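Alright, structures below, take your time with them.
First subunit A sits with subunit B, and in the next complex the same chain sits with subunit C.
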Partner chain A sequence: MAAAPTTDTVTISINDVEIEVPKGELIVDAVKRLGLEIPIFCYHSRMKPVGMCRMCLVEVGFKQPDGSVRKMPKPQAGCTLPASEGMAVYTDTELVHKDRRGVLEFLLINHPLDCPICDRGGECPLQNNTLFYGPSTSRFIELKRHLPKAFPLSRYVTLDLERCIQCGRCVRFTEEISGDAQLAFRFRGANMQPTSFQLTEFESKFSGNVIEICPVGALTSTKYRFRARPWDLETKPAICTVCSNGCSVWFDYRVGKFVRLNGRVNEAVNEEWTCDRGKFGHDFYNSPKRLLAPALRKEDALRTANWAEAYAAILEAFEPGGNAVAALTGPMVSNESYYLLQKLFRGVFRSNNLDHRWTRHLSAASDRLESKMGMPTVATSIEAFEHKSAVLAIGTSLADEEPILFLRLRKAWFKNGTKVVVACDRDTDADSFAHLVLRYRPGTEMALAGGLLAAAVESGRATVPDPVREDLKRYSPSAAASATGVPEDRIREAADILGPNAAIVTTHRLLDVADAQGTLEYLAGLAMCLRAEFNLYALGANDQGALELGIHPELLPSGVALADAEAAAEVGRTMGIEIPREPGLGTHELLRACADGRIKALWLVGCDPFALHADRDLVQRALEGVEFLVVQDIVETEATSYASVILPMLGPAEQDGTYTNMERRVQRLRQVIPDAGDAKPAWRIFAEAMLRAQPQTPFFSAEEIMEEIARVAPAFEVARYDRLGHEGTRL
Partner chain B sequence: MSELIQIGGMNERPKPPRPEDLSLRFSDRAIRELEALETHYPERKACILPALWIAQREYGGYLSGEALAEVAFRLDRSYAEIEGVATFYSMYNTAHPVGRHMIEVCTCLTCQICGAYPIAEYLKEKLGVGFGETTSDGVFTLHEVECLDACDRAPLIQVGDEYYGPVDKAYLDNLLDRLRSEAASSVVKLADEIVQVHLRETERDR
Partner chain C sequence: MAETKLLLEHAHDPSYRTLDGYLAKGGYAGLKRALGMDRQAVIDQVKASGLRGRGGAGFPTWIKWNGIEKDKHAPHHFMLCNADEGEPGTFKDKQLMEETPFLVIEGMTIGGYATQADTGYVYIRGEFVDAARAMRKAIDEAYAAGYLGKNILGSGYDFDLHIHMGAGSYECGEESALMSSLMGERGMPRLKFPHAPLPTVAGLWDLPTVINNVETYAVAPFILERGGEWYSTLGASTKNSRGTKVFSVSGHVNKPGNYEIDFGTTLLDLFALAGGVKGTLKACVPGGSSVPMIDADACSKAVIGYEEMAEVGSMVGSGGCIVLNDQVCIVKFIWRTALFYANESCGKCTPCREGTRWLLQILERIVKGNGQPGDKELLLEICSQIDGRSFCGLGDAAAWPVVGAIKAFPQEFDYYIANGRSMVESDLVLVG
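Presenting the complex of A and B:
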């Protein structure tokens, strides 16, 4: 449909070398085609150029008919100069070098040169440019200006005004990328300061990015300030596991301890941005509450034990198996670990009591949109949102739940004019660029979804089967309007905007509302009728992986339903186990069964039910009611005090593994920091438990497990470690 | 910006005001003027400068944080952007509340040659304030300004929308007495004049 864009090219010469470049490409980018570099401060390829710092000055001329080049009398800023036919650019002349020296000398006049104590020292563009292009001495002998050195803009960002070179990158980031425009330049000239309104808190959800894009040490991370020298840090690529976006990041660590996290370029996912939740959300690696050794309850106290004792106790409690044992998982566990957990439970303990879901509504296997309507629930990749003509985000505050998707959606609107319809029961950050805002009353999601579908049907753009048409009568746009409080014309307009190149976005947060199933079906139906894409995105780092790999009472790896006896048996044969026939219990039922003693042994894997489940009282009764409780986690949680056995688990960056993000992109996270204490990767814990229960060849690495996953769930064939792409691969 | 990081402290900044907490003070007339201005330009961002003049008039000559927040709210721009614009231009009074009359003394070349410095010193002594300061009774604010483009009348001072010059000490004594007796603020009057300049004849509301 979208024809390959035809690009006009122009011929320019760079240092007398002729080269063809796309018309309008900025000179600062064009010279990179020849392997040259123009020094920059304010220019950032993801933001509009402003030409503020003058670092990128080049000499420019135009070819004359006689073949000579007539240069412009003054140098030009390469970052604001688009390439045009016959342009001759010189990046290496005496004049250019003199200009660069002049600009740097000028910038350094007011720069404190406190590099020895600066966080940026060693990775600072100002230092680098001065080294390569700057003057070796300064003629400035007057007093330097003095300004606040450690002003707390927010809990995360500390401003050192003396170091600011007024490039405006941070200001433009908040205007163009995150869109909150919370930073602006106050005052002018030498007094210009990038600060927040009246010095109030800089509360952007993406504030951490300005620390990274600051070309000097003016915006520093409050948590990282003075913690390390950049050359002391070791850096490895990693994946952020705080939410389901699965951003590519650099993990910086020092003597085996996590220190900081920076964005890593992955055009398909996060481009280069991070959100604050992710950037500052990895403290648990250094938490004083880290679990470092197994512990066993003897009499009334938890005592440190060794792994053999812990396994023996666990197997004794779980071996009776069947319906009396169960496991619940959290979101920060790798695909390999999820797979082995379900294999352990189904193969060894003969139980389907497994769940990873903590939402109020748990779709039964037969109710899932995939099986009921043949509708995939993850269709659109993050990158594809840029080219959507319209997007309906319903029941979700994207900036909080899918922050990187929020940035991508904002970019789509900013660059390509995507029409975004935001339907939520509260104010969201996406309202600021929404084409339409549908503010419905809490709890009326289903009426709105029905109203949208009914409006599409009424306008003749969608056809639905007669029973559905009958059913939709109760949600005619006017009825939906009175139920939801959204004006009728807005409902109609929203339905009109959606079409074949549109996407509907919602998250698992929608499963917490009343009538979640009906809402989802209407939305999926709306997408189906209009040939739009429907997406129900996961929220936890690897929730999607848990679902695909059978951490579900009724689903086996690769989404095979337990009810489908033949297919289930086939999956069992591939796994080399016999699948128990009886379906397991979903989270809520399971906790109730724990509370009234039907389940004797419960295994919590990387989850604190107190934090994840809405009903605290039920959780408490369940954890008290169950006879034997295994709490396997990274840090101490509220649940650990109820444990019979505590198993310390390694964090995602301390082990090898893959994670499936919201768009079903499997990305590998190699071990970055060394093992903490006696803790083990989750998959190794399950492998060792299996080995103790049944003699077999154990898995020795996560890679071996992925080989087996690929056999059991063919979608994961692309995720085998030898095939997995550098930026991950979508299933 | 005196509240530097405190080790062990919470280092929490006050939150920016939420829209529902703003105490909006624009009069009906100001709102009408703003609505008229919005029709002049393709986008509301272009209204920032005249809207700040309206705010300077409505808030008695001083653009406080609340005034800036109200402009931001009414134009649907971010607070920081409005503050950035207001603090860029020296004729918006954003530093501190100003007196009823702002005396601006030109000290550029021509005025200097014709004796601007003795004039300035005399004013400082008589009012008991330095440049950029306001008298304790809140009547006068003294400012040093660059060329006012009326060198033929040097030494020159500006008060509100009026130029006075050439001035000498006796002239100033008279002028100060007269200004002190005037109850209306010439700062607000200047702001209003500028707002009216932005409006079309039919939109003016006098």
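Presenting the complex of A and C:
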């Protein structure tokens, strides 16, 4: 591997122009400083250079004491050559052009000329390089090789072996980036082929990336194959809303229909990668089950209605308000919509019955680590993981729950040697690079967390107040070991690894386990004692936003607790409403209240309780028990059949709005896909309902709402649209 | 001129393959002397000997040994023996390992001592089962008698030696691909200086590593026993080649086999040693299938030496000397050579992967009688697009023979292309 660039600089010349560059910088990158480009195929700046394709050959010499340049006898690969003092690089000589023509001629002799039907045609590095640097004709008159044209590597990826130029990018991606090492080369020489192990399914949570980094149309998306030509596509920047990581992506659509998603560079979040769940998880936009018009239940059947009828019916049912009405939300709703929903409920329906949480454990406001321990629950940015010396991931399978954070953590280990401790009750993908794996018995999270803290205390690295010390006696490392099944020395070693430059990571998944509260407190305590960072990351696209903006029975926007009467009243004044004093019910209580008739009207916003809640039976009783049910969603779900009113809402990419990811980064998503049918953005639905209930100046855009949010919740000042940068901004 | 027998002196004596027999013939005197010397003094002896690598490139051996850090910081220093011997026409390492295994082991131990290596690997070509058996037996004997392992001969120097069998790839003889293979990776070459540190700095598992050919190691005991000065008197008539070299002579000679000669011997003398040419000499590939062939006229002028062979347009290479008489069709010979390289290209880089196959396709078409005007020029062009552009030397090795043959015998190619058949009336039918 080439030497890592350092802060020292060296002077080199590129086409006789002298320039100072970091010592060891690769020549392909160095020439960019002069606005030049060396054509490449196999080189990828996020992976180790391999020098396979030879497209980047340049002439290289060294400056002699007398000022002349002595050229090396052979051309050199620019993608593997580190800059050193006195190096003279030539990218534009007759020889270099001849070499480029030579390499391209070689690559093309066995490459099928099916560009007119190839997915890549029009956005193909091979096509582009051939156009700029290639020979205009071929001297090849032999038979081209023939290989399978549509080998199914996996459900998502189809390999056209004839088109492969054996650059190894795909193989290296699975080795270096995703780490699942699912692809390798088999056979030798011109017969060499990328392949999965024994031709079994290419099983990866990140397989879609190889489609994008393949410089030809060899790796194709099974879903997108032959669906469009690049020049027929409209490509717009967007944010993926499938999970809480909030990756920057490109949305491609054709004649108004979403067809493809690609990764977009955002160094702070996803670098350029996507996970398969995100890349292939946007089918709902084209779903045949899309809700396109409001519907109203009349004579026991749902019939299409207009919006005015729908609003009238809703207001009639919700206006009695107070404890008798409630709303539950899902994660794919914008900050602006969440804000307006709570304003509608608190201001118009005088109810705090609002929740966005679906985990078994719901912390009471007074139990939240922020209020109880003064410990922030989101501390570490995705990017900052790269420089952590140690990370404890506990109670989470990161590759499944925070896939992009998983890639960043793997990179931290791969590039910077970050020590990763994985504590989980089952195998996780992160085990493969873990320094230490703590496999505990299901349900013993609290004992392990206690044991870790006790070990830190025992070793003298952490001090805790006496009552805690007393309490920890039940979790001495040896007691924790016998409770969890994790060897005692591993518990001690794990505690030893953590320190000031460490981060502890868990997710809302931990809120589903027994003793979640105690576990969290021990973990936060551990972080606090060791001056490490503690993170309890959200899972849904905008769960974090829902929390920050008051979709909570006891919390208002900006995290002000209802119990704090003075502060709550102040928030109400800024919002221009009077906030009801009585706290609302959390999700479980709320469903129970629906089931036994205490709650008469329930509004579901982008959520299917059957899919999100652990107790199906309770959900069914609740949806049957409630007198009036509004189901506002993008697509039909199991809950829609229980609805009194169905409100079609637009998907995230069909409207303007912002989303707060798990590291509290607010990012803007502009409308990239045209409206679907009569559906409206959620915020507009709430705004129109408010307007019909009480005369007031309506909101005309999401941006206006953000202006108000910034006043109510000052943390969102940085999220005003004129301030949000390309990479979004962390609160 | 007679054969100078150094390495091969006792090769035919079965007792030499046992430790006792080896000791009886003065074996291990070199190591014993080395262990009594300062490490640098050992390297200086090798420097004085003028020994150059016998694996093909002729790189001065002492420079590699001297390149290893003197203050050992790394957890390991490695000594690798390249015993992959895949070059068609070359079979000297096979004989050296089968019949003089202790020379190789002693040589590696000397090198190991000089470079503070604690571990050595002999990477033996997969097909060389007999050689591996002989080496295994000798290594076991050496361990039992304290010539390997801990505290060798009471000197305090520890050296472990392991055998690794290749899996049948020519490319794994290329030193960096050999290391990939040894580390359990696909047999593909790795980045080289100046793109990556030298193997002496970061080789096997990124640790300091010396790699030499079997024959190179086998020479070391003699240098240490009799002194570098003495060794450098052999071959002194040449510009810069010293000592003896084992040549594997095959093809149209009466007594094919391995012959050890002093540098400075003429090529014709070598043919004579091998019983003389069968029939009329037409051409010779003097240093293994990858070096350019030379015609009879050049053969008659050729003196064996690294620089001397370059003067007649070829190379000493690995010493695989293939003699061709006038019954051989050069076009078919080159087609068969091209088939080898196309099969053995590892696939890593474009010029070699695609170029070797294209060369083969064209040559095959010519041999089948479907040559076209311009084919000869196209072959040369393709070779120029491979030579010096490929990732490792295999591409060059595939291009040189084609260029050499076309240069030496252009008329044979022209004739074959124009007439759809060979110029040589009774050409041998090669299997393909």
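Everything below uses one rule, namely that the second predicted complex is superposed on the first by the 725 of 731 C-alpha atoms of A that agree within 3 Å, B and C clash if a C-alpha of one lies under 4 Å from a C-alpha of the other, contacts with A are read in each partner's own complex, and residues count from 1 in each chain.
As a convention for this text, a residue touches a chain if its C-beta (ideal position, glycine included) is under 8 Å from a C-beta of that chain, and two chains touch if they have at least 3 such contacts.
Computed from a predicted model, the values in this text were never measured in an experiment.
In the superposition on chain A, contact of A:F106 is made with subunit C only, not with subunit B.
Touch criterion met: A:F187 reaches subunit B and subunit C at once.
Of the two partner chains placed by the overlay, only subunit B lies in contact with A:E201; subunit C stays clear of it. In the superposition on chain A, contact of A:T222 is made with subunit B only, not with subunit C. In the superposition on chain A, A:P73 makes contact with subunit C only, not with subunit B.
Once chain A of one complex is fitted onto chain A of the other, the partner contacts of A:K149 are limited to subunit B, with no touch recorded for subunit C.
Counted by residues of subunit A touched, the larger count belongs to C, out of subunit B and subunit C.
Subunit A uses residues 184-185, 187-188 to touch subunit B in one structure and subunit C in the other. Looking at the complex, you find that subunit B touches subunit A at residues 1-5, 11-17, 65, 68-69, 72, 77-84, 87-88.
The touching residues of subunit C, when paired with subunit A in their complex, are 169, 186, 191, 194-197, 342-358, 361-362, 365, 372, 378, 381, 384-385, 388-391.
Those residues of subunit A that touch subunit B in the complex are listed here as 147-155, 158, 161, 174-175, 180-188, 195-203, 222. Listed in rising order, the residues of subunit A touching subunit C in the complex are 1-3, 49-55, 57, 73-77, 80-82, 84, 99, 102-103, 105-107, 109-110, 139-143, 165-166, 184-185, 187-192.
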